[in-house]
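Let me give you the structure first, and then I'll get to my questions.
Read from first to last, the chains carry the letters A, B, C and D; within each, the first residue is number 1.
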Amino acid sequence: MDTFLQIVANGLMLGGLFAIVAVGLTLIFGIVKVINFAHGEFLMVGMYLSFLLSTGLDVHPYLTAAAVAPALFVLGALTQRLLIQPLMSARDEHVQIFATVGLSTALMNLALLIFGADIANTPAHGVRSQVMLGEVRILTGQLWVLAAAVALVIGLQLFMKKTRTGRAIRATAQNRAAARLMGINDKFIYILTFGIGAACVGLGSSLIAPLYPTSPTIGTYFVLIAFVCVVLGGLGSIPGAFFGALVIGLVDALSGFYIGSDLREAVVFTIFLLILILKPSGLFGTRMNLSHVSP
Amino acid sequence: MTRASDTPMTAHRLGLIAVAVLLAGLVAVPVAVGDQFVYHIFITICIFAALSTAWNIVGGYAGQLSLGHAIFYGIGGYAGVILVNLGISPWIGMFAGAAVAVVAAIVVSWPCFRLHGPFFALATIAFLEVFRVLALHFRELTGGATGLMIPLKIGWEWMVFRERLPALLIAFGMLLVCLAVAWAIRSHRLGFYLVATRERESAAKAAGVGTVKVRLMAVAVSAALSAMVGTFHAMYLTFIEPESMFSLQFSIQIAMFALIGGIGTVWGPLLGAMLLVPITEFARGALGSEAIGLHGFVYGVVLMLVVLFLPNGIMGLVHRFTAAPGKTVGEQAAPVAAAPRSAEPREAGREVMRVEGLQKHFGGLHVTNDVGFTLREGEILGVIGPNGAGKTTVFNMLSGFLKPDEGKVSVLSPSGEWQQPVTPGDFASIGVGRTFQIVQPFAAMTVEENIMVGAFHRHPHVGDAREAARETAHRMGLGPYLNAEASSLTIGGLKRLEVARVMAMEPRILLLDEVMAGINQTDVRRAVDLMLSIRDTGVSIIAIEHVMQAVMSLSDRVIVINSGQIIAQGDPHDVVRDAHVIEAYLGKDFTHA
Amino acid sequence: MLEVKNVDAGYGSTVILQDVSLHVEPGEVVTIVGANGAGKTTLLRTISGLVTPRTGSITFEGRDITRLAAHETVDRGVTLIPEGRQLFPDMTVRDNLLMGAYSRHARDYQDDTLHQVLELFPRLRERLDQHASSLSGGEQQMVAIARGMMARPKLLMFDEPSLGLAPIIVAQVFEVIAQVAATGTTVLIVEQNVFHTLKAADRGYVLENGRMVLSDDAEALLQNDHVRQAYLGI
Amino acid sequence: MKLKSLLTATAAAALLAGAAHADVKFGALYPFSGGLALLGEESFRGVEIAVDEINAAGGIKGEQIELVRGDAVDNNQAIGEARRLISREGVKAILGTYSSSRSIAASQVAELSGIPYFELGAVADEVTGRDLQYLFRTNPTAETMGIMTIDMIVDEIAPGLGVAPEDLVIGVIHEDSAYGTSVAGHQERYGAEKGLNIATVQGYPTSTVDMSSLVLDLKDRGVNIVLQTSYQNDSVLFLNQSAEAGFEPDAIIGGGGGYSLTATAEAVGDKMDGVLDVDFTQYAVNTEFTPGLEDFLAAYQAKYGEDPRSGHSLNNYVGAMAVLEGIGAGEGFEPDQIVAAAKAIDIPSGATAAGYGVHFGEHNQNDRAMMMGMQWQDGKLVTVYPRDAAVAEFQIGD
């Protein structure tokens, strides 16, 4: 029983980790309607920035979020402005996918060029210490990630519901043409959304950096899992992505223990496929933004 | 006219000569240079071009962006190697691999057809990951991570050679096969159906295309070809492992060659591979040893630039330079005047369609309430009613696009039995053709090709279908625009194209949804004549119309629908005098006007 | 106030409007009638900046707005209430209305305008916290009009406001339009329901096949033989 | 026709340009780009130092050696580069390859072309298991590694803990590529032969971001000896997550990869202390057993201005030295002469900088190749096994 509880706890913590990556992705995927294959590389870039800042200035990696999140915002906004936007009107939506694949390849290899294939270690500054909940052990760093993910989800929800800009983002996602008629500059909204999505993962990367060694390929694993969480939670739904991530974290941890660690990926992707095929609006799906799925 | 058709012909012939020269070069250059490394590069070009061409059948023609095509390549590779180790020649193994790949392709694709664009791409990636993990897990069969090797048995029988020429010839042969299949599909009915399905699935269904069936055929063919190339490549590599056989990177690369060459074109993937493989090889040689990652960085940047500045690929560029100067399609000629209406009063024909008690709800909305009527042979039935009254919903139920909650639609088959078709395909094959209120041209096809999609319904051969399409086009006044892209027509032209496509199906019952809307008065009169002449050939017509003038002069009978219910039906002149109709349709104040 | 001169416009290589000109004076109610597909909607989309004309010019209050993007046109005081309502389905009625006041010049008066608009549409007050998608067709059209008014437009354009509505609701919609006009807002309506809209308008244009074929006082158009035959079926 | 002759001319020019200076050419086929580039490059440095040393001493058979690099970034590329080296560059033999799958693919090409191929670093059994005529391997294999791990448990760890070897509960975990899978396979097989209790064998993807379930599984099974064959990221994850789950096995034995790298030790801090490792010979070793090691280190320092990043360079250096000197002692540079010369190589154990001797036995595998057992002590990886190469005592138990 203790082991089971520990696995559940591990799964939830892992879910928090996935969530903080997936939340930004669901914004970009759900609102700009672009599959951002470079999202994992955004995480990687953020982690390297955190690493450089926290070792260079000798500060706690969490503090670097103050610089990393804005930096990633700029990266995301530039991606939308220079790479995605020129392709928005392209007849073939495939080209956007290839554009982000190109960006992903370029960023990953740029990191390889600058940092080499070796891992970079962001000093842990105490986030690897443990908290005991009864018999269950949890890392403080992981708790912070989960807490940050919850805060991020709540914060984004409030932003989307209560602010003028947030409403404009939702309006643009729900009906782009009508949004333009309201005086909303849709191009600006897309740039902003892409930026916010990237900034979310920037925040995440500062929290993840002290927990995991950084390498140029760290993003590749996260990005596919994050897509799973996003689809599971219902495209574009921020709380959906969060709960989707928790579910996937649990599935990952449980299948790793009960089925075998070599098959856990297969389990996760099989669940993903079942959701895609049987309920493409996601487990927690809203009705919005399913323009890519025909009835 | 002659010049306009001359130029593309010459360009076409020049293009074919260019392709032939390029293909010959694939064999001639390595033979002339005689260098093993050059052989290797050209074999690699052939393999990638073949895989990319096969991918293009699904990714290009059918428009389903598969990023998991390595599944089929990997299956072919594994089948070949496993069988070779059992002493079976890869020449047999490749067909075994192809068979397994076809099964896998159908299993993978069937559930994914509801998914489009990015979702389909994600699903194929997920399938690929599952395959890779399973290949790692089932070691007894696949050798797990350590992979499988083939014994170095030399000879044609084993596809392993000491000299390079035979391997090149096999790779080249496979490329030719892939190109031939791709070309054959594109220029036959299946290709038209695939492109039509990609462009407008609903219009394709209405034209009697079994959209799921044609897509499955495309996937199956593509998978079989990929698997066969995979078998050969495994023999060429002599060693396979899950990491390289079921690789996402590899899948993306295959798709990318097609993208850069020109997605959906026959020759694009070949051009993409011929350009990119050598560049990649030399770039790797030049940059790879300079600094770790430099080569990959440049590769990624180049990919982004190509996508940004060459979104239609090399073929797009080629077309821009070879295409005949763009014709702007201005005013289209009106349909040729139909034969004068026969003065003889026609006898009311037998019933051909019975509609009984149709009910349809959308959520809480009762959009169709107990709609029932009959249609006779050679009759024109006008359907009027305010916007949003539910006319189009009724049409959708009469053509299989919506399933009624209650009630039934029966159609008299040509052999004289009453049948109840269910799917759009059923309706099409029993002879019910329909147009769409919002025109649904296959934008990437020419006018002629658009009409051919309909004509294939009766004429499976390209030549016959083309003949029938031309004839229909001339009848509809679209003759001069046969080679124009459908997207260049005006609204009026598109409306006519919509009708022409249905007419080419030679339906017995024609459902026309506001075909008069947006065409000018003279044309309305001609269109009325045209419809009457169609009717006089024994075709029954149900027409939703707003142009009252047309409705009055056209219809033998009129049905008025309001709020999902039939509120009046009968002789057109009686119906417009009906008080309910005036109130509902024209507005209460109308009477005082 | 609004001056459209010799405009050609379309989508991709498709030409829809050819050499279209019209003008609207302050305080007028002007209508453009024509069959489905004649190019009426494209004309409104062109004026509002969703479609950029190929040739010709559009000026509003003497300033050129030909190439302005849609959101800039809204800032100048031109608002379009699109065909088929185009509400934001998963947002509440309140949020839909607030989106209407997104443009810079309307933002600061948001609360006042909301108050005024709710005076005009008392039914919406009860519905403020419901999702727009849960309303009936007529109520949705009211929300769409109210949302348009939230932008404090000088020129309010309606695209097929009666589309898909029961006759009794249609009558209500036209009453509302009359009220809007009474507040001094200039109105441009595009309609298929020729009779109703000509009744409500001061002047009218007839658009056929992408070209303006007639222009006259609304009364005169109602009596015009061509109009009566083509659009009223008499 | 024009195009063809132009291409022919270009190719011929390239051929000439390449052939201009060198006296005798050897190919060096390693992954220089892509994910394996770090240790591919490190391996290549060993060969470079060996060639420098031989050239400085007058070359072989009076001729200077020129190394031609080939980039084996993936399997298809490995084949292409092998072909280029053979046909375009006219190399007499190929040295390589670090990665087993690249080695397997490329050596098939060499075999079919009849060019000798010397593997200096790839560990998979299949490299020599195919019985190729022209392929030789100087380095120890996955099997050596597996056997050595088990021997170390039986000879040193069990006695050190004061328990019988069969009472230990052993968990074998490995990354799921060819490297981890084959080492783990040998550990399982040989462990069973020795009567050890192997509780579980589990693979996981290298790129994984979470190993907590695996750790819990090991803990649940009461495992007290963990054998992990891994790269860097997963070594760090396992060590961290074990400590955090309160899983404290009596011994962790790493299989090369991440466990031999200083960066790993830095990443996990003092959790690394006492961790064992079986790998190629590293640098903290009894130099009486590895003559020439100091010279190699000095040469490395001089050429690259840093310390070697792993033992790969050393092992490639030793292999290249043995092979090139062996060829120098032979009849000439024709393939069959090189093969004959290679078969004649006979260097006893304890006579090279890596400690092991060179003698090609069955399947042309160096039957004197061996690995070393090492332990992280005070932040340094020191050799502890076998005893005659050791520079420090085993620290086991309390």
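The working rule: a residue touches a chain if its C-beta (ideal position, glycine included) is under 8 Å from a C-beta of that chain, and two chains touch if they have at least 3 such contacts.
For clarity, every value in this text was computed on a predicted model and none was experimentally measured.
Here A-D and A-C are compared, and the pair linked by more C-beta contacts is A-D.
Ranked by separation of Cα centres from subunit B, the top chain is D.
Rounded to whole angstrom units, the spacing between the C-alpha centres of subunit B and subunit C is 38.
Spacing of subunit C relative to subunit D, judged by their CA centroids, is 76 angstrom. Separating the centre of subunit A from that of subunit C, both taken as means of CA atoms, is a distance of 42 Å.
Looking at subunit D, residues 37-38, 176, 203, 205 sit in touch with two or more other chains. In subunit B, the positions touching at least two other chains are 133, 136, 292-296. Shown are all chain pairs that touch, namely A-B, A-C, A-D, B-C, B-D. Across the complex, subunit C is touched by residues 164, 167-168, 170-171, 174-175, 177-186, 286-288 of subunit A. For subunit D in complex with subunit B, the residues that touch the partner chain are 3-5, 7-8, 11, 15, 32-34, 37-38, 41, 69, 71, 73-77, 79-80, 83-84, 86-88, 100-101, 104-105, 108, 111-113, 124, 126, 130, 132, 176-178, 180-182, 203, 205. Contact residues on subunit B toward subunit C in their complex (touch as defined above): 328, 330, 386-388, 485, 487-492, 494-495, 514, 516-521, 546-549, 551-552, 563, 576, 583-584, 586-590, 593. Within the complex formed with subunit D, the residues of subunit B that make contact are 25, 28-29, 32-33, 35-41, 44, 133, 136, 139, 144-147, 149, 152, 154, 160-162, 164, 233, 236-239, 241, 243-244, 281, 284-285, 288-289, 292-296.
By the touch criterion stated above, subunit C contacts subunit B in their complex at residues 12-16, 35-39, 137, 160, 162-167, 170-171, 192-193, 195-196, 199, 208-210, 222, 229-233.
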